[in-house]
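Labels run A, B, C and D following the written order; every chain starts at residue 1.
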Amino acid sequence: MMNGSQSESVSAEAFLAMGRSVLASQPFSALIGAELHALSPGSVDLQLPLTAQLKQQDGFAHGGIVSYMADNALTFAGGTALRVPVVTSEFKINYVRPALGERLVARAKAVHTGSSQAVCTCEVFMVNGGVEKLRALAQGTIATLPDASRKPV
Amino acid sequence: MMNGSQSESVSAEAFLAMGRSVLASQPFSALIGAELHALSPGSVDLQLPLTAQLKQQDGFAHGGIVSYMADNALTFAGGTALRVPVVTSEFKINYVRPALGERLVARAKAVHTGSSQAVCTCEVFMVNGGVEKLRALAQGTIATLPDASRKPV
Amino acid sequence: MMNGSQSESVSAEAFLAMGRSVLASQPFSALIGAELHALSPGSVDLQLPLTAQLKQQDGFAHGGIVSYMADNALTFAGGTALRVPVVTSEFKINYVRPALGERLVARAKAVHTGSSQAVCTCEVFMVNGGVEKLRALAQGTIATLPDASRKPV
Amino acid sequence: MMNGSQSESVSAEAFLAMGRSVLASQPFSALIGAELHALSPGSVDLQLPLTAQLKQQDGFAHGGIVSYMADNALTFAGGTALRVPVVTSEFKINYVRPALGERLVARAKAVHTGSSQAVCTCEVFMVNGGVEKLRALAQGTIATLPDASRKPV
């Protein structure tokens, strides 16, 4: 997902800008309008304004949108922790409650970073009138690419 | 997700048509162009033609698209097995390999159906030139709504 | 797992004593020597001294022992959060690193408690010479028993 | 878990005998009495007679015993598929129903084997009077050891 060749001396602003350019290069993320609000090594704040197209008829966000947010936030957290090209190996998500609102916020972090993978956790919140409610909880593995010929996901 | 009030005497064609109307009522599924190819109680074949918008720059499908397919197929399998309004409680997905292709196919089935939940499994394949390759494997829980006031996801 | 009929007025000591009697009533937990070090509604500290029988030949704790610790800690956290008889519905565990040591410590908490289930997380640490290292990370669902006739696990 | 240096020419009997010696070398597996009934590359049948010590007061097998069976069967399936020393990276388990019986049977297989990991699935059955009932469903990742200095779990 992320080339990761940035050096330690990159400023916080440059690091976030780098992440935003990665996100912008994902056509699906651009299609639905995901926004990177914060990014540092092993930590990310990914947000998504909920337009009508992203909701179900009853006004709730589609579960697939919530899982996209978890998947992508976990990958950013793991990719910036490992600092090499990565793939999302697997993740698990619990939808703790349905919730109405205007924005999804996914905050993920790398809990353990080893030589070949990072184990990351993510909380997804629904924001309604400025108030955040936990919408889902996820946990997953981000792995380094075994070799340069294998493409990132 | 699904109202489930269908009787046992519904024809296979009517059952599939009912499922397609559920899928069409999901704005996000309509946005990306998901298609229901087969549906019977506890079993589903959900497909997605991969347009440029759904791919990464390198031509691979975004992981979030693959997880949407698993999430939605698991929910259709569990909802038609339980035959009452349901929510997706949780799922886990392993991305077994990246793959290029023109279509994703998610086949899910209910492996165990109890009084309050169904445990379902799902295989997601990438179709390239008519050949299917396993892209991801998922397993999850679809739960009946505890009460009528709680809205489906 | 837990009858949960305790009232809010139970003292912290009585609550822990109640939990210890639940643990003592599990023959497998008694066999391997699990110990309850802290228990409050939605929160638990479960520990296990590592005898030779619980280790592999190379001195590491068997993965099955680590998953038992996560399973049981998640169930105590969810059961004391829900305060009714519960079953463990599902969980997921990531083994973040192998580790040598003399004791496993599993700390679990209920992150979200609804009417019919609690979503809980758990960290399992290996203690070596008094120093804790993260060994595994787990997340799972503890569900209320659908009816009184169904037995807890 | 498994050294994996066996050649393709090993007989089925020798392969099973090799697996039984691996199982016998796990003190915890010996303590509870696990038995290897079948083993071939990427496929395993692991069984456990349920003595009183492995049951709860109500006669059900402890969830931690069921998760041990899934964990170990997944690892045997992945280890024999990859044929190099492995660690269990992560798994997820759904307990589909409680069940009384005299024996647990865990059957696992490698669904996808790559260069650095195998994704495996496992069904755990309770046997009661010779009749098998599905008790749990699991899915997980078995990874090759990144380097020889890292010890298997």
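Just so we're on the same page, a residue touches a chain if its C-beta (ideal position, glycine included) is under 8 Å from a C-beta of that chain, and two chains touch if they have at least 3 such contacts.
Everything quoted here is computed from the prediction, not taken from an experiment.
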Far-end chain from chain A, centres as C-alpha averages: D
B-D compared against A-D, more contacting pairs: B-D
Rounded Å distance, chain A centre to chain D centre (Cα mean): 33
Chain centre separation in whole Å, for chain D relative to chain C (CA means): 22
Chain centre separation in whole Å, for chain D relative to chain B (CA means): 29
Sites on chain B at which at least two other chains make contact: 89-90, 92, 94, 114, 141
Chain A-facing residues of chain D, complex: 89-90, 92, 114-117, 141, 143, 146
Of chain D, residues touching chain B in the complex: 92, 94, 96-97, 111-112, 114, 119, 121, 134, 137, 139, 141
Residue ranges of chain A touching chain B (in the complex, touch as defined): 25-29, 31, 52-58, 60, 62-65, 67-69, 71-72, 75, 87-95, 98, 150-153
